[in-house]
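So, here's a batch of structures to check.
In what follows, chain A forms one complex with chain B and a second complex with chain C.
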Partner chain A sequence: MRNGLPADEVRGQLLEFVTSLVDAEPDPDEDYFERGLVNSLAALELVTFVEHRFGITVRAEDLDLDNFRTVNRLTGFVLVKTAG
Partner chain B sequence: MRPAEFDAAGWDEGGALPAEVRDAVARAGWFGVDLPTEHGGRGGSQAELGELCAEIGAVCSSVRALVTVQGMVSAAIARWGTDEQRSTWLPALAAGEHLAGFAATESGAGTELSAVDTRFERTGGEITVTGEKRWVTFGQEATVFLVLGKLDGRLAAVLVEKGAGVSTDPVRGQLGLRAAMVAHVRFDGVRVPVGNLVASPGFGLSHVIATALDHGRFTVAWGCAGMAAACVADVADHTVRRRQDAVPLAAHQLVRSMLARMAVDATAARELCLSAARARDAGEPGAVAGTVMAKYAAARAAASASQDAVQLLGSAGCASDSRVGRFFRDAKVMQIIEGSDQVSELHIADHLLREHRVGGKA
Partner chain C sequence: MTAALAVRAVTDFWPDRATALADLPELAELSEDRRQTCLGLGIDRVRADPRYDAVELAASAAGKLLAETGATPGALLVIGSRAPERLMSSEATRLQALLGLTDALTFSVGGLGCVSLTPALLTARGLLAADPGLEQVLVVHGSKPPTPRRYRHPVTVSGDGGQAVLLSRTGPVRVLDVVQATNGHYWDLYTVDFRDRAPEDWSEECADLRRYSFQLALEGRTRLREMYRELLDRNGMTAADVTCHVSQNLSAGAFRFTEEALGVRLSPVCARNLASYGHLGPNDVLLNLYTAIAEGDLPAGSRAVVFNASPVAAWSLLLVEHGGGEAETHYL
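What follows is the complex of A and B.
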């Protein structure tokens, strides 16, 4: 898949999707899980979006809240996965 | 085995699906249609799974429910299990060597599953499971349960084999799915290896259980589409043969109007199911919402079509062995399980509004 994606591009796409998902534009470091903004359907949609948009597969071992809880952390996760 | 050969009315009346039927379902490969071949499945598409569920649903919702629950637990393991969990459980589930139970609902946790009281306590290499689950489809016969509970305050999902500390209380005479061998299941300090934890604590509901429910919604949708189509066929068949005032019932314009509405609803439901299948096969982000929409539409189509079918068949529709009468009872259950109509409407509206926000249309 698209190795070497610019971080800003990834962050921008994730921010747009998460904003639509939680009906509010979160700060890139805001924990939308902790705020209870993401229900189970939205969580699944977020995973599907990340996989589909960036061509990666989210595995069980990736399921760490630290990877998903904020836009910036999710950006880092995507960058690592796409670089791999 | 072919669905057309099912004794669905007899199983419904008896309140059980015979063991030989469950074995035949396994032998037919219906448990692993969409599972990867390396895990004992057929590696089929979502559309293939859907068409099978429609064919089964057109005859017996309880058999369709058997395929559904086995698929729900298998899908959760396939998606979020470890390599060891996948290689241990998936071939056994696909072959029917294990029958799965989906144990999430509790007396105080239905739509709001995050309210579950079931406790997981970790001690060394084991997890102790304590709680009581309600309305577990095929819970009377299940040999392994996917259980939702809380571990250190976080929602988690654990696989629990039937054994010491697991007891079942059969549910009988419920409105629909009477042959689905539903049970309330109690876990009384059951100890399982920590390796039975599916995904990390904190992701049990949002990912593991949600994946199972998403899969369940999809197969329920297709089963309902099949049920609605069967109602249309039964009504068409009845109304061209049954005569009133020397003319067939089908000659009456009011009857034709009802039949037309039923056919449109059934066809629209099927098209939404096909759309969801395509989105799922393509891994599209909209597949989750598309599946909710398909399930919502198909359950409503089945409920509406079966209600009209009973009306048009008259006394025949009210008989104890009436197929459309059974569909009428089963379809109402479909409007409740795997997300009630009302909850589905909220999700569908959320998704619609989200697209407009992103597209700047609202």
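What follows is the complex of A and C.
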């Protein structure tokens, strides 16, 4: 699952997970951290989900909130990591 | 080889008066989402007794320990409180006077919030290694929140309590190894602005909740994983060799975070002590360890790993071994 993932498929999977995580369906560009919907445990679950579902390793240098704060930004991050 | 350090006794002191979480005065001033977060921490009640300040809580625990063990420690290490009652004066020498430890080498350690137990243990180990004439070191701390508001959003609720720890080179609970790491970039993530403010207006404020909930949390995951691996590797162990894991008491969510980040199960005593006492700063981890020993979670000859973390930011792990016997004496 490391190459050629369609962006729509990644976005759909992330949207589904984030919706269950924050118990609300966010707009793909909505900052769920800004809204206070993600606590430490939820952040851990989000990163763990991304690692397991897409077979990537989130390293210390990847832990920039800009990579994770919206579904669209997270989709871009996953596509870059899986293309590498 | 690491110099020898062992815990001979731990005594906790609880003031009589307690407050149910639902009766915390600050709940009335919180927004609904913050109120729900507070009520969902996994804390039922905390000890909250205005008759005791932090030094008096520490002195009460230490007085009990000294009476029950007959110890005459040659050194007194005081983990300083988060908000001393007075500036300029010395909590450490006040405790020396209260305890009558006239000849004890006395000073304060700390600066790492809940992790401040670790520098106290490291200092005790160094003193015992450096001075063959020193037999016992007493470490004490009084947990008292720094503001009238006990809730630190979205982390925990702090309770009152005192703890005294008697250390020596030998004893029933051996401290086999200690690892500690800090990241100074988070030094002011949580602060209490107090200058030009009346004490009733003091509160623990997070400068950036997103930074707390994301960057610090996930750096904590990475740090704790690396430190856990390092601790086990350098002691020739695997996770299967650890009989019991305990952590500090912040919230039920924090327990799950630690368990998921490290793939371990924490002793159930952690959740029970959290529910009964809330967060007690540096006193949490040895309260949990000794409760676990008393309840049979760490049989004689087995080892435990103790996790501690603070938003300042600091992380610490201890590897301890229960030798049996006296360790079951936990003076409450």
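Side notes on the structure shown:
Please note the rule applied: the second predicted complex is superposed on the first by the 83 of 84 C-alpha atoms of A that agree within 3 Å, B and C clash if a C-alpha of one lies under 4 Å from a C-alpha of the other, contacts with A are read in each partner's own complex, and residues count from 1 in each chain.
We take it that a residue touches a chain if its C-beta (ideal position, glycine included) is under 8 Å from a C-beta of that chain, and two chains touch if they have at least 3 such contacts.
Computed from a predicted structure; not experimentally measured.
When both complexes are superposed on chain A, chain B and chain C clash. In the superposed model, B is the one of chain B and chain C that contacts more residues of chain A. When the two complexes are overlaid on their common chain A, residue A:V47 makes contact with chain B and with chain C alike.
Using the contact criterion defined above for the overlaid structures, shared-chain residue A:L5 touches neither chain B nor chain C, since it reaches no partner.
When both complexes are overlaid on chain A, the residue A:L65 reaches chain B and chain C alike. When the two structures are aligned on the shared chain, A:S20 is found in touch with chain B, with no touch to chain C. After overlaying the two complexes on the shared chain, residue contacts for A:E34 are found with chain C alone; chain B is out of touch. Residue contacts after overlaying the shared chain place A:I56 against neither chain B nor chain C. On chain A, the surface patch touched by chain B in one complex and by chain C in the other comprises residues 38-41, 43-45, 47-48, 60, 63, 65. Residue ranges of chain A in contact with chain B, taken from their complex: 16-17, 19-21, 23, 38-41, 43-45, 47-49, 51-53, 60-61, 63-65. Listed in rising order, the residues of chain A touching chain C in the complex are 33-34, 36, 38-45, 47-48, 58, 60, 63, 65, 68-69.
The part of chain C that touches chain A in the complex is made up of residues 33, 37, 154, 209-219, 221-222, 253-254, 256-257, 260-261.
Chain B contributes residues 80-82, 113, 198-200, 202-203, 205-207, 209-211, 213-214, 283-285, 287-289, 292, 347, 353-355, 357-358 to its touches with chain A in the complex.
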